[in-house]
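Each of the next two complexes has subunit A plus one other chain: subunit B in the first, subunit C in the second.
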Partner chain A sequence: MKTLVLIVRLLSQSLWSIGRLRVNPSEVLRQYFEAGVRSILFVSVTMAFIGMLGVYQTASQMAKVLPEFSVLGAGVIQMGIRELAPVMTGLLLSIRVGTGYAAEIGTMKVTDQIEAMKLSNVDPVEWLVVPRLLASTGAGLSLGVVGAVVGIATGMVVAYTGFSVLPDTYLSLRFVRMHDLTMGVTKCLAMGFAIPLVSCACGFEAEGGSEGVGRATTKAVVMSSMVVILLDAFISVFWEVVM
Partner chain B sequence: MQWVSSIGKGTLDITELIGGLFLTLARVLRSLVPPRFDTYELRRQLYIIGVRSIPIVILTAFVVGIIMVVQTATYVHKTGATGFAAAVGGVAVLSEIGPALIGIMFSGRVGANATAEFGTMVVSEQVDALKALAIDPMRFLVVPRFVAIVVSLVLLTVIGDVFGILGGMATSHFVLHIDWQSFVNALLESELLDELLVGLIKAATFGVVISVVSTTYGFGVKGGARGVGRAVNGCVVTTALGIFMLDYVITYLWFLWGG
Partner chain C sequence: MIQPPSREERNPIARVVKLEKAFGENRVLTGVDVSFCEGCCTFVAGPSGTGKSVLVRHLVGLIKPDVGEVYYRDKRVDTLNEAALLKLRKRCTYVFQHPTLFDSMTVKENVSVVLRHHYHLSKDQADARALVQLEKMGLGDFGPQSPNQLSTGQQKMVSIARALALEPETLILDEPTTGLDPYAARQLDELVGKLNQGGMTMLVISHDLRSIRRLADEVVFLLQGKVRYSGPTPGFFGSTDPAVRQFVRGEVDGEV
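Our next item is the complex of A and B:
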C-alpha cells in the first residue's frame, strides 16, 4: 500500500517535471542506451526461442482442427504482434531494466546519496526518475519491435524445417488489422512506462545496507512482472470489449 | 583494438558462467546422494518458498487464463469453433504459458530472493563463519533450498493450472458467451494428461534452473550493496534465458518422441 502511494507520487511528480520540460536530454539518451540498446542481445535471444516455441505449439493445436498449415504463419504473426511480443518483451524488460533500476536507486538510497542530492537542492525525481521513465518507454516500444521481428523470423525457420511451410506462405499479414497493431503498440508503451515507476519506487523504499538493496530488487521484479501481466490482461480485454 | 579484447572478455565471462552453473549443479547433486541435508531448514524453506508464493501464482495463472482466451476471441468469432477457445485456454495454460510464466514469476520472487540472501551472507562474511564452524554451506543453505524450490514449483504449477483453466473458463463464459458445459467438454476431449505431464516436467526443470542460477550468482557476489544489486539483476536475466531455452528444448524433444 505504501509502495502504491509512492508510485502515484512519483508518477505525478514526473509528469509535472515533464510538463515543465525539466528534462535532461543527454541523461535520457544515456539511459536509453543502457535500457534499450544493451538489452537487445538478451531480448533477441529469448524472443528467438519464444518464436520457435510459439510456432510449435500453434502448429500442434492447428493440426487437430485444420487439414493443413497454410494459415500457420498468418495466425502466429497476428498473435505475435498483439500478444506474445509485447507481453514477453515487457516481462524481459521488467527483469533486466526493473531490477537494474531498483538496484541502482536502492544502492544510492542506502549509501545516503539520495539525501545528498536533496541537500544540494537537486530533485531526485527530476534527476533520476524522469530520464528512466522516458528512456524505458522508448525502449519498451523499440525492443517490442525487435522482439517481434526476431520471434517471427525464428518461427519462420521452424515452420519451414518442422512443418514444411514455405517462407512465402508463412510471411502473411492477412490476419493483421490496425486493431492488432494499435493493441501491440499500446501494450509496449504502457509496460515501458509502468516498469520504471514501480521499480524506482521499490528502490526509493530500500533501507538497511546490502540486505535492503536485495529486498528492494526482489520486490521490484515481482511487482513489475505482475504489473506487466495485469496491464496485458487489462488492455486485451479493453480492446476486445470496448473497441 | 579494444573490441578484440572485449570479445575475449565476453567469451571468458560466458564460459566462466556456464562452467560455474554446471559446477554448482554437480555439487548440489553430489550432496543429494546420500541425502544428507538439514531437514529443519527444508521445512522452513518449503513454507517460505512454497506456501507463501501461492497467492502470486494464483493471480498470475488466473490472469494468464483470461488473456489466452481473450486472444482467441477473433478466431472464435470468425470460425464459430468454440472448442478452439477451450483447447487454447486449457492446453496453452497446462503445457506452455503456465509453466513458463509461473517459472518467471517464481524466479522473481524466490530466485532473486535467494541470490540476495546468499549475496548478503557472502558480503557480511557469514558464509566464511559457517565454514570456520565446519558447517558445509552446501548442505546447510543450498541443498534444502534446491529441494524446496523444485518441489514447490511443481506443486505450484498444479495449483496454477487449475486457476488458469478457471480464468479461461470464466472469460469464455462472460466475454465469448460459451456455456460452461461445452468448454469443459472441449477441454476433456483434448489430450489433457499429456499436456499436464509435459508441463510438470518443465516446471521441475525450471526449478533446477532457478535454484542453480541463484546459488551461483549469490555465492559469486563481490563488493557490498552494489554487488548484491548487480548479482540479483544477473540472476534473473540468466534465469529467464535458461527457462525459455530449456522450454524450447523440452517441447522439441516431446514432439520428436511421439508428441
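Our next item is the complex of A and C:
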C-alpha cells in the first residue's frame, strides 16, 4: 500500500514537472541510451529465440491437425505485434532497466544522496524520475519494434527451413488490423512508462544498507513484472471491449 | 571601542525543546532540550547510535520530530513547508557523514548544481563560482574529475565545498573526520577552526576528543537519546558525570 501511494505521488510529481517543461534533455538522452540502445542486444537475442520457438511450436501443433501453413506467418505476425513483442519487451525491460533504476536510486537513498539533493534544492523526482520515465517510455516503444521485427524474422527462418513456408507466404499481413498495431504500440508505451515508476518507487523506499538495496531491487523486478502482465491484460480487454 | 559579546552572552541560533523521536520501536531521542549559540563551535559528542545525527538533522528539517519543537533563529523549523525549508537550508547547511556527491556529475558540477538550483544562476555563472569555491579549498584541480576518482578525504572536502558555496551562516558537519587519515583529519580541523573564526556558527558531530579539545567552545554529550552534558568545553572535560568521565577517559567499563 505504501509503495502504491509512493507510485501515485511520483506519477503526479513527474507529470507536474513534465507539464512545466522541467526536463533535462541531455539526461533524458543519456538515460535513453542506457535503457534503449544498450538493451538492443539483450532484447534481440531473447526475441530471436522466442520467435523461432514460437513458430516451431505453432507449426508443430498445426501439423497435427492439418499440414497447411499458409496462415502460419499471418497468425504469428499478428500475435507478435499485439501480444508477444510488447509483453516480452516489457518483461525484459523490467529485468534489465527496472532493477538498475531500483538499485541506483536505492543506493543513493541509503547513502543519503537523496537527502543531499533536498539540501541542494535539487528535486529528486525532477532529477531522477522524470528523465528515466521519458527515456524508458521511448525505449519501450523502440525495443518493442525491434523485438517484433527480430522475432518475426527468426520465425520466418524456422518456417522456411523447418516447414517449407516461403517468405512471401509467411510475411502476410492479412490478419493484422490497425487495431492490432495501436494495441501493440499502446502496450509498449504503457509498460515503458510504468516500469520506471514502480522501480524508482522501490528504490526510494530502500533503507538499511546493501541488504535494503537488494530487497528494493527484488521488489522492483517482481512488482514491475506483475505490472507488465496486468497492463497487458487490461489493455487487451480494454481494446477488445471498448475500442 | 565596542567589545564583541562573549560566548556566554551570545544568543542561541538554534534550539530544540522537549524533542522526542522514535523509528518504529527504537526510541532514539527522549525529551531533549538543548540550544546552540550563535558564532560558537559546538561539538555534539556521544557513543555511536545515541541519536547525534538524528538530533542535528531536525535542525534543517530533514527529520520531523514525533514530539517537541525545533527552532532556528526563533523560527519554528518542524512546521515549515518545503519552500521555507529550502530558504533555511541556504543559511544552515548540513554535510553528511558520507560524502554524498552525485556520481553522474563531475566534482565541479557537484558544487555548481547547488548554486544553479538555489540561486538560479546560469550554468556558466554557477560553474565559475563553483571553481572559485573549489580553488579556495585547494581542490581546483579536481574540478573535471568524477567523484569516484577522489579519495574519501577529498570527497569529504568537496562535500564541504558544496555546502560552503551557499555561504551559510551555520555549517553542520556530521562526523567529518571519520575514516580520514590523521593528516587529513587535522586539515579538516583547521578548516573548521578557520570558518568559526570567520564568524560561522559550527555544529560538529564527532567522537574525536582531540578535535573537541582544540576547537569546541561548547559540547553537547548525548547518551541513549538524552543530553547528559551541555555547556562549555572545560566543564565537559572536568565533568563529574560518570558517563562523561568514562567517554573522556575512553574506559571500557561503565554506562557508555
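Note that in this section the second predicted complex is superposed on the first by the 239 of 243 C-alpha atoms of A that agree within 3 Å, B and C clash if a C-alpha of one lies under 4 Å from a C-alpha of the other, contacts with A are read in each partner's own complex, and residues count from 1 in each chain.
The criterion applied here is as follows: a contact is a pair of C-beta atoms (placed from the backbone, for glycine too) under 8 Å apart; a residue touches a chain by one contact, two chains touch by 3 or more.
Quantities reported herein were computed from a predicted structural model and do not represent experimental measurements.
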| item | value |
| --- | --- |
| Touched partner set for A:Leu93, first subunit B, second subunit C, both or neither | neither |
| Partner chain in contact with A:Lys118 - subunit B first, subunit C second, else both or neither | second |
| Contacts of A:Ala148 with subunit B and subunit C, given as first, second, both or neither | neither |
| Partner chain(s) touched by A:Ala233 [first = subunit B, second = subunit C, both, neither] | first |
| Those residues of subunit A which subunit B touches in one complex and subunit C touches in the other | 111 |
| Residues of subunit A that touch subunit C when the two form their complex | 111-113, 115-122 |
| Touching residues (chain side subunit C, partner subunit A) in the complex | 60, 62, 86, 89-90, 93-94, 96-98, 100-102, 113-114, 117-118, 159, 162 |
| Residue numbers on subunit A that touch subunit B, as the complex places them | 42, 45-46, 49-50, 52-53, 56-57, 60-61, 64-65, 75, 78-79, 82-83, 87, 91-92, 95-96, 99-100, 102-104, 106-107, 110-111, 162, 175, 209-215, 217-218, 221-222, 225-226, 229-230, 232-233, 236-237, 240-241 |
| Complex interface listing, subunit B residues touching subunit A | 56, 59-60, 63-64, 66-67, 70-71, 73-75, 81, 83-84, 87-88, 91-92, 95-96, 101, 104-105, 108-109, 112-113, 115-117, 119-120, 123-124, 175, 190, 224-230, 232-233, 236-237, 240-241, 244-245, 247-248, 251-252, 255, 259 |
